[in-house]
C-alpha cells in the first residue's frame, strides 16, 4: 500500500465541543471539568497528570443519529418493537455499537451556493430540485456515494446559539421531497449543517420530524447533524473520501463524532 | 478519485463503551442513562424520540492521550507552563481541540506473536529488541508510519476488568528503551492494547509513567490506549491506513476514540 | 418560642460523601469535580469564586428511598401503575418532591448492644425478638415514634467498601418478621446502618428485597440506608427529635440525606 | 422529651429540583435521568426497582454556600491560602463536610412587606434601614437568631428563569450596609429568595460580589440562596426553629439543601 495522505487535505467536519455551543433543550448540556490538575498529585520523579469528567448527550455537538433514536407507531427501523428494545435501560437492538465505522465516497451538495446565497434563510426548504441544481451546478456525480452532505450555510451561526437554534427564525433544511431524493441514492448516511436534519418553520420547533422518519425509520439511513462544511465549500471540494467513526456507546441512540473528508491525490 | 473501500477491510480498533468495562480508579466511571425512551412523549404523527445522558472521562475506553495529560517539573510538552495553561478550568494550550485528525500509514507490531505467545504476561517488558524482532518476523517496514501499534495480546482480558487492570499481576508494556525505539521512528501516535502505555510491574500501579513522559512530554507523540488489535493480528495484517479522529473536547486532556485500520486494494 | 438547641446535642447521622465511599454496582458512582478554582477568573476587586459539578445517584451515601423506588407486580405503593407513573422519564407520582420533610420523635434500637456484640455478623437477621429485646434492654418506648432506627454496628465497615458491601460475607439486617414488627408501630420512616435495609445472606446480593416490599410497597414507610448511628449508640441516646429533609428531586426515587438526631433539654 | 411537632407547622423553604429551574450560567445545569425503570429487570418474586443518575452543581436550586466558595486576594475565610486548600481537586479546608448541621432560632425579615410591596424591583437595595423597618413593623427580635432570612418577594419569579435571573432587570438584594447590619447580629447563616445574596444592578450580572465577601470571607457567615419564603410570609410567621442540614460533600463549595422552618407550640 503506497497511499500518501496530505494532512492539509484532511478536512475536519466537526465543531469543537465546549460549554458555549448550541444545545437543543431536549438534550443535556455539555460540561467538562478537570478532576485533577497538574500539581494536584506529584509523582516522585516530578511527573503529574491531569484528567477530566465529561457530561454530554449522545446528540451533543456534531453527532450521528443511530437508528434507535426515532420510532414510529411504537416501532424502530425494521419493525423492531421499541418498548422491548429499550427495556433494560439501553437498546438491545440498534444501539450505537451496531453502527459500523463509515469509510466511503462522500459528496457535498452546496445548495446555498447553487442558489447563489451565502446562507439559506430560516424556514427555507432544501427540495429535490435544489439538490438537482447543486448536482448540475457543481457537476458532481452522486452515484455510489455512501455519504451525501447538504450545505445550507447555517453553520455560520454556530457561535450564536440562539440564532443557530433558530426558534424564532426557523432553520433551513431538507424537506420530505428532498429526503426521498436522498434515499433514492441509497447512501449510508446523510449529513447537514444544522441542529436537526429538517426544514423548521419559524416558531415551530421540533414538533414533527418527517425527514428523520424517512431517513432513519423507513430507510435506515443514518443522519449527521451540526456539520461544519464551510472549509470544504470555500475550496469547492465536492467529492472526497468520507470518514466517520462514531463511538460504540452500547445501547445509545447517538454519538458525538468528528467526521473527516479526505481528498486523495 | 476512484478509491473504493471494502467495508470488510475496515478494522474497528476500539472496544465498545459500556458500564462494565475496565476503568482506572483515577478516572470517572462510564455511565449512559436514557433520558427519554420511546413512548415518553408521542408526537402527533405517532413519532417518538429517545436520547441519553452520558458521564465519562476523557480517558474512557479506547482513548487518545492529549499532550496536556502529563507534565514534568511543572511543564507541558514544548516547555509550556502547566499552571498557566490550566488556569480557567480547561487547557488554553494543547487541549484536545488542537489535535489534528490522524489519517496516515500505520503498522502493527505483534510482539506477542513474535515471541510465540498468545498473550504476554503481567509485568513483561516490550523492549526495543522485541519490536525489532516483530519487524523482522513480520517483514514490516516502519518507515513513514505515522502510527505504530504494539500488540501484547492483553486485550483478551478486556471482559475481566480486574484481570485487565492487573493490579496484582502487573501488565505488559513498552519500557523506556522501547519508547526510545518508537520515538526514533517519529510517528504521530503510538498505541497499545493495555490501560496504560507502560510496563507495569506486579503490585506497582501507575506510580511512575516514564513512557508517557518520553512520548507525550518529551516528543509530543500521542498515545492511544485500550486498543483492540485482535482481529488485525488474527488476519496477520501489519500495514494499513490508520484513522483516528478524536473528539475536539476543548481544553481536555484526552478523548475516547474508535480508531480504524483500513486495508486498501 | 424559647427553644434553645445545644449544637453539641445535634447528632449527624450521615456519612460524608466522597468518591471512595461504598457504592452498590446498581447505582452510579459519586464524583465531584471542581469546575472553577480560585484564581481561574479574578474579579476586579481581587475576589474569586470556586464551584463544582457533581454526579451521583438518588441512592448515594446516606439516603432515603422514595416510594417510587420499588414496585411489585407492576404496581407502586397504593396500587399506582408503575409504567404509567414513570412515562416521561421521571415519576409523575410518588417522586421525591412528594416526600414531606420529616421532623418527628425518633428512637434508636441498638440491636448489636442488646445482643452484647460490637457488630452483628454478615447474614445475621434482626428479628422481631431482637427489637423487643432492644426495647426492653434500653427501656425505650417506641410508641408515637415517626422514625425507628435499627443499629447493627455494620457502619464500622464503612471505610472498607468491599467489606461494607459484604458480597462474600453477607450483611446483617431486618428480616420479614422484623419488618412486620416495625410497620405495626406505624412509623413514617425506618432506618439502618447498612447499604440495603435487608438481611443479606452470604453470596446472595440483592436478588430479593422482601423488606423493601413490606415497608415501601405495602405500607408506604420510607427507608433510610447507610446511617451512621455510632455516636448515638456510644452515648446511649435512644430517643430524640429526628429530622430528615430529603432533596425534592422531582420524579426521582431517592435522595441523599444528612439526617439529624437532636436531644432537647 | 415530649416535644410534639405538628407536620402542618413544618415549612419547606426549598424549591423542588428539576431541569426547568433557573440556573446561573456559571454552574452546571441540573439533570436527572432514570437509569433503570420498573420492568427493566424483574426479580423472581415480581419485584422491580428503579433508580437514577443525577448531574448537578453544589450551587443548584436552593443551596448553601460553603466558606470555600469565595476568596479574596488569594485567601479563604480565616486567611487560609486558597491555592493550597484546593490542591488535589477538592478543598482540604472549609469543604462542605466541615459545615455543622444548622438547628437554631431563625427569623424572617419580610422587607417587601415592610415596604408595602408584593415584590421588590430588580436592582433594589435591601439596606440596613430596610431591615430595621422590617424588625419594627413585624416586632421581631433578631437577638440570638442563628439564621436571618431576608424576603424580597423575588421567589414569585422562580417559574420564569429568565425573569428570575434578571440579567436585564437586575435583582433586588442586600447591599453592603445591609450585610454589615446582618453580621453585627452574628448569625451562623443568612438567607434570601434570589439567586445571589447581592443587590444586582440591571445589566450588571455577578461581576462583583461584595456581600459574599462580607459574609463568607470576612465573617464566616454561610449564605443560603433561592429560598422559598412565600408560605412563611403569607402566614406572617417571623420566628421559628430553623433547620438546614447540607450534604457533607467532601471538599465542595456548596450543597443543595431543603431548609425547614418549624413552628413549635
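Chains: A, B, C and D, in written order; residue numbering restarts at 1 for each.
FYI, a residue touches a chain if its C-beta (ideal position, glycine included) is under 8 Å from a C-beta of that chain, and two chains touch if they have at least 3 such contacts.
Everything numeric in this text was worked out from a predicted model, so none of it was measured.
I need the common contact partners of subunit B and subunit D, sorted by label.
For subunit B paired with subunit D, the chains in contact with each are A, C, in label order.
Which chains contact both subunit C and subunit D?
Common neighbours, subunit C/subunit D: A, B.
Nearest whole angstrom, what separates the Cα centre of subunit A from the Cα centre of subunit D?
The separation of the two C-alpha centroids amounts to 41 Å.
In angstrom, rounded to a whole number, how far apart do the mean CA points of subunit A and subunit B lie?
Comparing mean C-alpha positions, subunit B is 25 Å from subunit A.
Starting from the mean Cα coordinates of subunit A and subunit C, work out the distance between those two points in Å.
45
Hunt down the residues of subunit B that sit against at least two other chains at once, touch-wise.
28, 31, 33-37, 39, 52-53, 55, 89
Please output the residues of subunit B touching subunit D within their complex, sorted ascending.
31, 33-35, 37, 52-53, 55
If we count contacts the way the header does, which residues on subunit A are in touch with subunit D in the complex?
Listed in rising order, the residues are 28-29, 31, 34-37, 39-41, 55, 87-89.
Subunit B touches which residues of subunit A in the complex?
1, 3-5, 7, 10, 12, 14-18, 26-28, 32-39, 43-59, 61, 68-74, 76, 82-83, 86, 89-91, 97, 100-101, 103-105, 207-210, 212-213, 217, 239-241, 243, 245-254, 256-260, 262-264
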